[in-house]
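Shared between the two complexes below is chain A, which has chain B as its partner in the first and chain C in the second.
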Partner chain A sequence: MGLAVNKYCFITPEKVCINGQKLFDLDAREPHEKSLVQAYRNLEIEYPKFFKMDNLSKLALLASECILKNTDLYEIKDKGNVAVVLSNASSSLVTDSNYHQTIDEPANYFPSPSLFVYTLPNIAIGEICIKHKIFGENIFFVSRQFDSSVLYLYVNELFGKTYTDYCIAGWVECNVKTYEAFLFLVEKGTNGRAFDTMTLDNLYKTK
Partner chain B sequence: MKVVYNISDNIISSLGFTTAENMASIYQGCSGVSLHTNDFGIPEPFQASLVSHETLDEHFNRIADIKRYTFFERMVILSVHEAAFHTNIDLSSPETLFVISTTKGNVYLLDPEHSHEFSEERVNLWSSAKEIASFFNNQNTPVVVSQACISGVSAILAGKMFLESGKYKNVVVTGGDMLSKFIVSGFQSFKALSLKRCRPFDALRDGLSLGEGAGTMILGVGNEESLPADAIVVKAGATSNDANHISGPSRTGEGLYRAITRTLSGTDAADLAFINAHGTATVYNDEMESIAISRAGLENVPVTSLKSYIGHTLGAAGLIETISCSHALQEGRLINCLGFSDLGVSKNIKVITESSEFKEKECLKMVSGFGGCNAVVLLKRYN
Partner chain C sequence: MDELILELKQEIIKVLNLEGVKPEDIDNDAPLFGDGLGLDSIDALELIVLLEKNYGIKLEDPGKGREIFGSINIFAKYISDNRKK
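Right, the complex of A and B next:
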């Protein structure tokens, strides 16, 4: 059984690209919150829940929209055979720090539940699954850099061993300095680039 | 047929520093959950199962300098060390991979009171994982799984896949979480904590008890015919998202139900000795689990939870509890659901009130967590 990647996207504070084509520029001088909203508007998404998410979930949601829109999958109501495999370096550290500020000083102690829930990186997977009704396998890996070999090994096994026909996989990194999403859609067949570490590394280099 | 099996394991919790100590305490009905006031600078009291720093450091001092590692890392390193101690597995081999499960790792280093203790980088999960793998001279980049309360089971299932890929000979699935102001205050802000020791599935349950600890399962791959006697095989497993809500469990148990049915495909429910549920004792979690169990047609399978013994150990929970299941299967003895007396969920599940013996050879471990995630693993005892 062959596996292929025929859709991938990048989102950075500078731009949004799908399959190597730039969709639009973003204003990198803006704070992350603002440029992510700019991307949301430009992608013409109608999803008010977006505005309550932290930046990591916003980024992941936007990237999932780029990957799924205009595919046959997009309209399927129950995506039981779609897996989501995400990774990043900073986990949820930006939100962790924001949450910590609500408990730092005894005089100003007011832990926020709406922040606390986003102090887990896999919430980004949850937000993608809720938006697109995805019920497949899911996992979140943390690695210092984009790690094509772990993603390849794991996703390849998912197709062989589980109820997986499609997998949204990749990298969604959000830290105080910058953000970067690189997601790709893996599916059965030979339509597209062969799914292997070389393809992933080559695509990642084009960011 | 090649199967993935548990070669050796360890549990570190308030109940002890070896799997045997933990299992003995559990079978005796001992709980490590107790009331804590003024701990971690938290204004309100809370119930939790804490690992003794003094005892841990007494053990740790024999293998390394305690000052070089955070409490989280010391628990995990000691756990791996203990698990590997009686085996001949080469932890430094390129054919050995570390898979590390944690929700928050060293997050306590964000606290201005502690941030000076280690380098700034150390708060990152990958950095902490590198320290752990390097301690054992393992050169492979450790794989970190961080997926809320299902991290431990997810890590076991990932470990199984990495072994099945043929690239590795052994996978050390380890992980843990330590409690801190960060974690306790967050659960309190959610009003998720009970002021009494938690009571899984009981009518009077009103929240969870937190816990800390570490667990390690050293997995290997071998031929079914040549497994050691009583080997525990990681037979199957699945994860699934509720696709419903990020902080509340699904009302229909959708993700958990799907994970159970995918895991059990090809298995006869009559072979199941018990289900070790997530059983956090929050009103919604236990109710959701009862619905998923019922929908999967497993209402007659005995159900237990370990949360009233060792609290909810977060990223360690899936590991510690799966290891307990593995030993319960070998003992052939059910674990009583401590603190349970009257059924408080809508489905008529069989919560274990007596630690009787059984002959079946398989069991299910289930976990669910924030983000709507669910994971299930099926273990089988081979003779």
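Right, the complex of A and C next:
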């Protein structure tokens, strides 16, 4: 069975790109919260829940929007055949740390429920699935750096052994210093770039 | 009471990240949950934390939130009657 990558995107504090084309610049001097909101506005998304999310989920949601918008998938209501496979290095550490600050001092012990709910990286997958009504397989890997082999092997397995017809996959890293999303859409077929580790590594290098 | 109502609206907007909502957009008599502001169960928990953190009110029965969060007016009166700080 042939698998292909026909759409991919990058989001960094400097810019948002889809299929190698820059969509718009972002101001890297801005705090992450602000540049992510700027990207949200530039992408003309209407989804108030975005503002309640942590930065990792915001980043993942923005990247999924870049991947799905202007595809046939975007309008399909029940996406049971779409999988989401994400990965990063820092898990949900930024939010874990922010949450910890709310419980660190006994005299100021007010655990924040809205921070607590984001203290797992796979919540970012949940936010993508809620927004786009995706009901397929999902998993979040944590690895030191972008690992094309892990993603390739797992996604390939999903297509071979489950009802997966499409998979949104990639790297969504968010730490105190920077953020970076590299998402791609894998689908059945031989048109476009072959889905393999070389393609993924080459695309990742173009960031 | 007007001062408390305004303060409460500003805090709710800040704590619940209600982007684009201004204090004057929140009807004093409208339910906080349901159609109005589109708040969810996590928001309710966050409001319970706000009660304790800002006003020293510890809600022993979370179910009571349904009654207290009936509207801004009800919420403000409850705070005014029970606040410890």
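Just so it is clear, the second predicted complex is superposed on the first by the 207 of 207 C-alpha atoms of A that agree within 3 Å, B and C clash if a C-alpha of one lies under 4 Å from a C-alpha of the other, contacts with A are read in each partner's own complex, and residues count from 1 in each chain.
The working rule: contacts are C-beta pairs under 8 Å (C-beta built on N, C-alpha and C of every residue); 3 or more make two chains touch, one makes a residue touch a chain.
Only a predicted model underlies this, so the values are computations on that prediction, with no experimental measurement involved.
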Overlaying the two complexes on chain A, which is it for chain B and chain C: clash or fit?
-> fit
What is the contact status of A:135 with respect to chain B (first) and chain C (second): first, second, both, or neither?
-> first
More residues of chain A in touch with chain C or with chain B?
-> B
Would you check which partner chain A:35 touches, where first means chain B only, second means chain C only, and both and neither mean what they say?
-> neither
At the Cα centre of chain A, what angle separates the centres of chain B and chain C, to the nearest 10 degrees?
-> 80
With the two complexes superposed on chain A, say which partner A:123 touches: chain B (first), chain C (second), both, or neither.
-> first
Should A:112 be classified as contacting the first partner (chain B), the second (chain C), both, or neither?
-> both
Mind working out whether A:51 is in touch with chain B, chain C, both or neither, as first, second, both or neither?
-> second
Is A:12 touching the first partner chain B, the second partner chain C, both, or neither of them?
-> neither
Across all Cα pairs of chain B and chain C, what is the smallest distance in the superposition, given in whole Å?
-> 7
Chain C-contacting residues of chain A that also contact chain B = 111-113, 117
Which residues of chain A touch chain C in the complex?
-> 48, 50-52, 110-114, 117
As the complex stands, chain B meets chain A at residues 41, 43, 103-104, 107, 110-112, 123-127, 129-130, 141, 143-148, 154, 158, 161-162, 164-165, 167, 181-182, 185-186, 188-190, 238-247, 254-255, 258, 262, 369-373
In the complex, chain A touches chain B at residues 80, 84, 89-91, 93, 96-97, 99-100, 103-104, 106, 109, 111-113, 116-117, 119-123, 125-127, 129-130, 132-144, 147, 150, 153-154, 156-158, 161-163
Given the complex, residues on chain C that touch chain A span 16-20, 38, 42-43, 45-46, 49, 52-53
